[in-house]
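In the two complexes below, subunit A is the common chain; its partner is subunit B in one and subunit C in the other.
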Partner chain A sequence: MGSRPPVRNREARRRWRGYVYVLPAFAVYVAFAVLPALHTAYLSLFDWDGVTLGEWVGLGNYAEIFQDSILRRSVFNALVLVVFFSFVPIVLGLLSAGLLARYRRPGMGAYRFLFMLPQVVPLVAVGVTWRWLYGDDGVVNQALRAVGLDSVARAWLGDFDFALIAVGLVGTWVLSGLCMMLFLSGVQKVDPSLYEAARIDGAGPVREFLSVTLPHLRGELAVAMTVTTVAALASFDIVYVTTNGGPGEQTTVPGLLVYRLAFSEGKVGLAAALAVVLGVLILAIVYLINRLSRDRT
Partner chain B sequence: MMDSTHRVRRRIAATVCAVALVLPLAACDALTPGSATAVPGPTSVPSSTAVPAGDVTLHLQFADAPLMVDALIAAFEKDHPDITVEPQYKTFSDYVQNLKLTMTSDTAPDIAQYAVGMTDLAADGHILDLAPYREAYGWDEAIPPVSLDQLTAGQTSEATGGRALFGVPAGLSMTGIYYNKELAEKAGIDAPPKTLGEFEKQLASAEDADLTPLGVGALDSGGLHLWAALLNQLMPTDEYWDWVNGRKGATMENPAAVEASELVIDWGRKGYYNESANGTAQVDSTAQFAKGDSVFLINGNWAAGQLATVMGDNVGFFPMPGEQAGSPTVASGFSVSYAVSAKTEHPQAAGAFLDFLTSPEAGQIISDNGFMPPNPDAVKKPTGVLADIAEGHRRAVADDGITTFPDFAAPAMLDRLRSGVQKLIADRVTPADYLDSLQDEWEDHHGE
Partner chain C sequence: MKTVARSERWSGYALLTVMAIVVVIPFLSVFLASLQPAGTPVVGLTWPERWSWDNYETAWSVAGFSDLIRHSLIIAVGVVPACLVLAALAGYALGTMRLPGGNAMAAFFIAGLTIPVELIVVPLYFDLRNLGLTNSYLGVILVEIALFMPFSVFWMRTHFLSTPMSLVEAARMDGASSATILVRILLPLARPSLMTLGLLVFMWSWNQFLLVLVLIQDTTKHTAPAGLGFFVGQNSTDIPTLAAGTIIVMLPILILFVVFQRSFLAGLLQGAMKG
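So, the complex of A and B:
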């Protein structure tokens, strides 16, 4: 009886000691991530122009968000971008991983390096470059005209039907490399004898991909989906630099609106509310992705 | 089971913590955003023109025409050896986005270029009312009053009882139509049009001659100049001013604005614009025009220097013509103007610098840098396209016809205008819906 409390104490102390080590990092995290986020949530309850005295409006800003057609349109655009930023790159990444998985090939490092390159370039530079490529006399149109497709050529970023797709393809270009790299490194962890065994059992390339490669990539797949989906929903830089949301509202995304509302339109409260909604939406989707990838195990 | 009750308990604890954090925040007045920014001290300048002796350094933050600013500062410092002006250049978008943070910070520059966000800053006392200087320095003689009236932020002056003044213009701007003389001749156009109808006929004959009639760079703000130029001809100027200044009851949902919007759609249907107008930035449309890609170009005088250099005598300029030959000349225009921060310790030195901007010496520097000086009589007569612009501006000033850009009506108006005009050009919106979106934004900002 008398000896138990000290043991529990020691155990409890040991259990808490871990937190002491984490404390400095945790403090920094709270100061620079958690408190600003709470402050944003707090600001979202005000009607504030950034200068004069704010006025408490409670959940009014949130009500405004759900009534605003431009905001709804921007969420729709972001979801379209998920296809280009996430779905297409993942399919491309899986395809190349599948093609390269069967044999160990020389020069894998160089290959990975090449496809990783778009990741290394700042997105603003990527956007500016693509704006040139898509321009009236840009490389894209030059190529189209060179093969006789003059009627197809246009200023892609100014076209109501194609602007969003054009912006999406920039994302595809950037994120495909990341997905490929993730999957290729995942494939390299697979024991080669598994492929040999599969081949001896008479598996063709497709069977091999489905039975050996894909199951081993589940972890990488979850990471790729999380990272690319967040990139699509939180996209700002590429859109800002290439189209600034135009033509009309064809490429307006929530990230761009948060920026505009806060910095050029003087609606800081509304911007904060939209940022909170966007954050919650992203967290929900990421949670869903992780949930699904876990359930399959 | 054990695990899930644990999780639930943790979640409840987290919620309670969050609520406990937010509740006292909501209760505390000091945390109300904006409550710490109220400015103590004077909100207007003294009425004397004297500058105290002693070395003074002024910080000047600006976004337009760095070469012009450098030259102005050099000339000013020669006149006032005791005063040093430190210029801080920022790109325009950077400048505008950060303006409010800059001007409400403790390290606000003494002098700052006037931009759209200044209205809110002026309303909250962050910008000094310069009305006492207007009288003391006699700026009404040196500067056309219409240019000063654009800088009142719609307020009255507490110091003088008249209209407030929150900036002094250094160079004036105006939008209008450039034309390529060779191409115009090819299309059978021999003189600038005298009426809007005549201009439409010229656009049609340019189209008939297989040329691109009108260059528009609508990817950024270039499209709004086209719409505003047409609006200026069709809508009574007084009503337009009421709308821009946010006067109660003003509206953009009127027949004249519908007509102007219909014209933009109509010209698009007839193929008068460069094919990729919506995908072309304003600077790019200017470069294309300089290459000879279109007969006409809508842009402002800020493009004149570049066009004169590339095209020489082959380029001319005229303000958008009115409905009748005798209609007054009306064009959108503003100025590169400078305001004084309420935090400055040297309002008198700042006043001396602003007054210098109105001098003939400064006017010559402004003119040499491609802008129109506030007082055109004091400088050498420009030549070529610059002379066309100066003449157009003179007529517009004489007719009281320089109107501010429509995006001055509300901070968010630029976005509505830009995307709206893009839709008009692409025939994707009815004039009624477009104007409704503008008016919504207006009510949102000016509504009770």
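So, the complex of A and C:
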């Protein structure tokens, strides 16, 4: 490599020229995603109805989020959904991976196909389907009546105590397959001799899972936690279609309130503030998950 | 020892099988409901006495699903090629050239993976309305491209990082320009990655709901999921027609999934990052 100044300048210029390729993607991304996100943060500092002139309120909207019981409730509901969207699918996924860790597993192709089905279809269609399953005449009640549990049968999505759980279980249905497939493909990469070694050392299945399988799934675990937690916190489609937040505020989630506040109640600033809280919450959790999963390696 | 192993193996398969049944029943239930005579009350899983395919005709023409499907396709056809081209260009530069600040730039794109639609949709409505881009497919297309760009760039950069640099260097020695290297040498090799990305982006575009709900308030211009979401509020009593509409909205994605299973699965599992 020549090191005389003119050559180095030309070399430097040539390196910068690569940005020509990055520019179009960068421009669209900044214009229609990054700037709107910053604009949301700016709007969150105003009391604005979307029509007349906005009034600067500083952090007032944020204060309102922490004081208003419905807004607080929506954040709480989203955290409850994390249990069903994230925790349960991950446990099921780990269970299946643990049970099938040590074997060649013929016939996995069909399972993989079936488990991924809920992942590919629109969540709105999933919502419509479950609305019908949870209805008075739906499959859920049909099954309960078939085993003599007539007294348990009810319109699940309209039930004050069970609506949030019912919505959560839709998330479990959507995301469990993905977690299972992630962990099963992760466990396939584990060197079989590790299991043999563990066996020789007299390890039982539980011990083996904890000391061989689980440590090897750290990467997949981080991915599964990230995807499912974000899906829970930013949920909108399923809730909008199945319950629209009801009964009462039992299934209200932040996504639903951002939409409702901004476009039917004329509280754009408050909606923006809630969107920012949601965005920060997601960012913090994603950061935390990835930080923790890296630290232990 | 043998018997323990066998019982363990079976319990694994038993769990997967129970899960598979639970996954399939909702699909089966909505499919069977779609074949019952229109307007009849349907109870759970019931085998239809007569297969009434005319619900599909009703949903397609009367309920307007043909228009909804067409609108969704218009948007997807705008989004997918643009995403592929922009991401290939950016991924090429970020993956093969040592750009000054290239890693920071890549990180800036990847940070976008955490942006939920909720975070951007409110100002987008007001900004695009000022530009005359609400109730317009172009508006939705531009926003979707932006929304999928973090993953797309991340995906293509990962692909280009894994291509052997010796190929690029050899071509450079022969005096090929960076554009020639991309078009002649790297893009033909990138076809599988591009196809998987195309399928994923198509799927996300097809399934997008909140964005369309906000940016296209004119219901005659709705996309398939938005139309379905609207339809369920209006027509929750005619279960067979509603079920047929639901199947129609799912069908394009299901067909792609059946045909391109391998690419889809690889993309979904590797690309689960997107969320």
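Note that the second predicted complex is superposed on the first by the 269 of 297 C-alpha atoms of A that agree within 3 Å, B and C clash if a C-alpha of one lies under 4 Å from a C-alpha of the other, contacts with A are read in each partner's own complex, and residues count from 1 in each chain.
We take it that a residue touches a chain if its C-beta (ideal position, glycine included) is under 8 Å from a C-beta of that chain, and two chains touch if they have at least 3 such contacts.
Predicted model, so just to flag it, every value in this text is computed and none were measured.
J.: Which chain, subunit B or subunit C, is in touch with more residues of subunit A?
T.: Partner touching more subunit A residues in the overlay: C.
J.: Is A:Val187 touching the first partner subunit B, the second partner subunit C, both, or neither of them?
T.: neither
J.: For A:Ile90, decide between first (touching subunit B), second (touching subunit C), both and neither.
T.: It touches nothing on subunit B or subunit C.
J.: Of the two partner chains, subunit B (first) and subunit C (second), which one does A:Leu178 touch, if any: first, second, both, or neither?
T.: Second partner only.
J.: Could you say whether A:Val51 touches subunit B, subunit C, both of them, or neither, answering first, second, both or neither?
T.: Touch partner of A:Val51: subunit B, not subunit C.
J.: Is A:Ala25 touching the first partner subunit B, the second partner subunit C, both, or neither of them?
T.: The second partner, subunit C, only.
J.: With the two structures laid over each other on chain A, which partner does A:Val124 touch: subunit B (first), subunit C (second), both, or neither?
T.: second
J.: Classify the contacts of A:Gly255 with the two partner chains as first (subunit B alone), second (subunit C alone), both, or neither.
T.: Only subunit C is touched by A:Gly255; subunit B is not.
J.: With both complexes superposed on chain A, which partner does A:Phe113 reach: first (subunit B), second (subunit C), both or neither?
T.: second
J.: With the two structures laid over each other on chain A, which partner does A:Leu81 touch: subunit B (first), subunit C (second), both, or neither?
T.: In the superposed model, A:Leu81 contacts neither subunit B nor subunit C.
J.: Between subunit B and subunit C, which residues of subunit A are contacted by each of them?
T.: Correct list for subunit A: 42-43, 50, 263, 268.
J.: Mind pulling up the subunit A residues that touch subunit B in the complex?
T.: The contact residues of subunit A facing subunit B are 38, 41-43, 45-46, 48-54, 56, 134-136, 154-160, 163, 243-249, 252, 260-261, 263-269.
J.: Could you list, by residue number, the parts of subunit C that touch subunit A in their complex?
T.: 4-5, 8-9, 11-13, 15-16, 19-20, 22-27, 29-30, 33, 41-45, 82, 85-87, 89-90, 92-94, 97-100, 102, 105, 109, 112, 114-127, 142-143, 145-147, 149-150, 152-153, 178, 182, 203, 206-207, 209-210, 213-214, 224-226, 228-229, 232, 236, 239, 242-243, 246, 249-250, 253-254, 257, 261, 264-265, 268-269, 272-275
J.: If you look only at subunit A, which of its residues touch subunit C in the complex?
T.: 12, 15-22, 24-26, 28-29, 31-34, 36-37, 39-40, 42-43, 50, 92, 95-96, 99-100, 102-103, 105, 110-133, 137-139, 141-143, 173, 176-178, 180-182, 185, 205, 223-224, 226-227, 230-231, 233-234, 236-237, 240-241, 254-255, 258-259, 262-263, 268, 271-272, 275-276, 278-279, 282-283, 286
J.: Where on subunit B does subunit A make contact in their complex?
T.: Per the touch definition, subunit B meets subunit A at residues 18, 21-22, 25-26, 31-35, 37-38, 96-98, 100-101, 104, 117, 120-121, 123-124, 126, 218-220, 275-280, 284, 288, 411-412, 414-415, 418-420, 422-423, 426, 428-429.
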